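Each of the next two complexes has chain A plus one other chain: chain B in the first, chain C in the second.
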Partner chain A sequence: MPSPLLHIKSLTKRFGGVVAVDHMSFEIPDGSLTAIIGPNGCGKSTLFNLICGAERPQKGQILFEGADITTAKPEDICKMGIGRKFQNPSVFDEMTVLENLRLPALRLQNAPTSAEMLSLIGLTDRAADQAGSLSHGEKQWLEIAMVLMQRPKLLLLDEPTAGMTVAETRKTADIIKTLNREDGMTIMVIEHDVRFIELLECPVMVLAGGEILKSGSFTDISNDDEVRELYFGRRREVKHA
Partner chain B sequence: MIEIAIPLMDALSHVLILILVALGLMIIFGLMGVINMAHGELFMIGAYVMVMAQQWGIGYVGGLILAPIIVGFLGWVIERGLICHIYHRPIDTILATWGLSIALKQAVVLTFGPEAQSAPLPFDMRVGIGVFEYPLYRLMVMGASILLICMCFWVFKKTDFGLAARAVIARPQTSEILGLNTAKINRTSFVAGAALAGIAGALIAPTISVDPQMGLGYLVPGFLSLLVGGVGALSGVIVGGAAVGGSGSLLTNWISPVASQIVVFLMALVIIRMRPNGLIGGRKK
Partner chain C sequence: MTLRALIPSFTLMVILALLPLVLNGYWVGQLNYYLVYGLFALSLSVVWGYGGILCLGQAAFFGIGAYVMALVTKGMILPDITSSLIGILAAMIAAVLFALVLGFFLFAGRGVQGAYLAVMTIAVTLMLERLMSNWYALGGYNGLLDIPPLTLQLGDFFYEFWDAAPLFYLLLTIVFAILFALQIFMNSRYGLLLTALKGNQDRLTFFGYGILRLKMSVFALGAAIAGLAGALFVTIDGFASPTLIGFTLSTEVLIWVALGGKEMLLAAFLGAFVTRFAEGWLSEALDDFWLLAIGAIFMVSVVLLPKGLIATPLGKIGEALKIRIR
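Then we have the complex of A and B:
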């Protein structure tokens, strides 16, 4: 069993009376690929916000490579090796594609070259175009490339295929699997598209009401009655403190 | 021809200084969302540094070098001591910087007195431009202003700092998560904005009377320039500065200064009403 890269201990986050993350605990092994699914409002994006420092928890602890990052600043967490892609593409529309890629590399000595990344996401010909002129799917890839420019140890992808075509979704799954299996990058992916999760062939964590409802392989999860009811049937009530 | 050319040159000179002041305001407002009501006083202190430099025998060039350094340092003290504690609280920053502007004005009154001071012109020559003559110093101020404006554009468009600063303006949270040190970028920008106000004050000092109230005369048109041009776009500052400063300066040739200010305010109101994001359409904060 590889040592955990990320250790979440009894993490709790409330927004007013709503409990978004409720005493959540889990470990993410180094070099693993983990998918996180769950209905809207179950705490998936809040969990990522807490890990990357965009939100502060009320309780609990986040350990990354054994270091406590619970109250660390987002920029310090990024420098430690956690890269995060947002749910909505957070590229800089007013800048060119190339400038977007240069940004995360500003503080790094050994960042991948922009040409490598442009080639990976298939935007070599559009390097000088404004990012705002890209399609939604292209923006998603650009943001993934921006995070990869940081050479993160832990990559957090929040709905990376939202708005992508079937072909683009398959390509994204291939890129993620390559990064995990060939480069050994630890990756956590939040996704709603069950077909995409199946393509990733990785362990799945199901969240509901700010807690981990189930964990297991895609087959185990997709055959679980409780998960099927949650995902395709009635939703759990939002928790109130 | 002369009747038109000289007022046009005067208006251009005024516009360029106003753009320098507004650029400083835009950098601070665009980056940090801080409405710096003390920016006019930073401009005024730059002018006082020029006056003092000449009185201390450091000379004009010494004053021009000292002004951005002293006012930039003052900007650093203000950012560390005041502004960094109230980021993301716009109303508080308005109140705090307004209070600071009063304190700075009173400090200058206590130190130098309420009466106007003057800095001698470094050279009092006129040069022929076609059919008319124009003061060489004013031409030099225009040239220096253009150079500083171009430098600002170069820094913002071509350097790593400029790239990071534009990112922080557009998406502060994403920039932090990409590992950019937003606090350092904010601090550097505040110092740069203050230094710009300082050098603008020093440049203009030999052509106007320097007094503790002079900052307000540039602060209000500076903010109007931002709003008319469009907050968030550097080019908006130039368009706004030209519209507000140019029209104000030209109108004073035909109507009283008070009437010209009323016309400029009305024009600005109409533009902001018709185009809430400004003429260039930068990001509205």
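Then we have the complex of A and C:
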């Protein structure tokens, strides 16, 4: 059996007395698409922060392609092939769309062409515009394209459709599925929008209180009583150490 | 970068080059000071405008350059080696080394940012000013006097730049060579990285770029230029005093750069030129109230023209010519 691309082993992260990630363990196979859902404060973004080096765990281990990246610096983790899109669109407003795309590729020799990416996100006509003038949804796409310019082996997308229209959300789902199915890119997506998760047609991991509550297909998850209660009924209490 | 983008700077250089033909010796001498102040303003524009590091102690590097130049050319380090060129190189190296040590202290790890960084740089310049005021071997409060002018030695040829006009053309060449080089450099990959550093440091980190190295490099680049400006200054003035390394000069350069436009090298350079000229003119016209006038202009400019009094119209000219003036 091939080793997973990402292996999370008993990962724990506390902020003061609050346990954000609690002895979490899972594996992400190479070439997979995984959605992560859960209520606010369940540890989704903290998990991404730990994987990409923005935070350091108190316990546990993160293995990427078999290498221990638990305490590696964010820039080194990025160079190993993990790309991250932030929750709020994080582009360089003062630079043009084209400059935004050029920037991540400056240190790479075989980056995709900017024209390819502009075409993928439908911003070819706006290449010379300031990124700050783009709509929220366009900024989200631009940031995804910027991360893709690095040809990441693992793409972490933190709420990629936040603030998007229904049409934009559908287009984003199509882009993600294309990247995964045609280019074989391993992708993890954090999302609140359950309809978007359904569009992705992929395995879903539900987090609650810093733990994995359930894993399975979208149908399994959406029919699970505990998950339904979590989303539509009583919320779990925040854990304290 | 197309050479067209250098046209405004080139035009300014040509205009300045013609001025000694119509100005008397006194004003050419003043222009020499303005050129050096302009060079100093470029150093802060690089650090603050392009690197996003608000350094309120830029005079520290200017002063280090000034003192090292004075020590070398007066033969106080090695009596047989008093060459201007060696003095300039030593001044720039000393300023860069100090910037690297200070930069590592300020930026390593999570780093000091925002207002804290600004306060730290003020503290450094105040400490240095106090140190130089009490360092009697270096003249203490009275400073170092009789610093020789710039000299040029090529084989048997030896020339001392005593006269204002030849010195003016030498300074013009040095200052504009640096301005052109910076304008080209800031339009390169490095300039793009600096824009990103200033705009969103976290995003840049997650694209695999080392923030510490980038910050240290821009801090050191600014220090090198400030050190050069300080070295040139003392050869014109003949005098190195603690005020050259202190807080007052640090705030003055901040005003020149903010008034001109910190994000445009040419505007920052002109900011120093125009403000120094205005200071002279206003002090004659308004006596002791000239500082109030400068302060009022500064406040109005920051509120109404945040990009700078000179950068704003220059930006419009750039748009009309379809060039990006740096």
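One rule holds for everything that comes next: the second predicted complex is superposed on the first by the 239 of 241 C-alpha atoms of A that agree within 3 Å, B and C clash if a C-alpha of one lies under 4 Å from a C-alpha of the other, contacts with A are read in each partner's own complex, and residues count from 1 in each chain.
We adopt the following convention: a contact is a pair of C-beta atoms (placed from the backbone, for glycine too) under 8 Å apart; a residue touches a chain by one contact, two chains touch by 3 or more.
Small disclaimer: the values here were computed from a predicted structure and weren't measured.
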item	value
Chain C versus chain B on the shared chain A, clash or fit after superposition	clash
First (chain B), second (chain C), both or neither touched by A:E116	neither
Touching partner for A:C52 - first (chain B), second (chain C), both, neither	both
Touched partner set for A:D174, first chain B, second chain C, both or neither	neither
Partner chain in contact with A:C78 - chain B first, chain C second, else both or neither	both
Contacts of A:P104 with chain B and chain C, given as first, second, both or neither	both
Set intersection of chain A contacts, chain C complex versus chain B complex	52, 54, 74-75, 78-79, 84, 86, 90, 92-95, 99, 102-104, 106-107, 146, 150
Touch list for chain C against partner chain A, complex	189, 192-193, 195-196, 198-200, 202-211
Touch list for chain B against partner chain A, complex	160, 163-164, 166-167, 170-171, 173-182
Complex contacts: residues of chain A adjacent to chain B	52-54, 73-75, 78-79, 84, 86, 90, 92-95, 99, 102-104, 106-107, 146, 150
Of chain A, residues touching chain C in the complex	52, 54, 74-76, 78-79, 83-84, 86, 90-95, 99, 102-104, 106-107, 146, 150
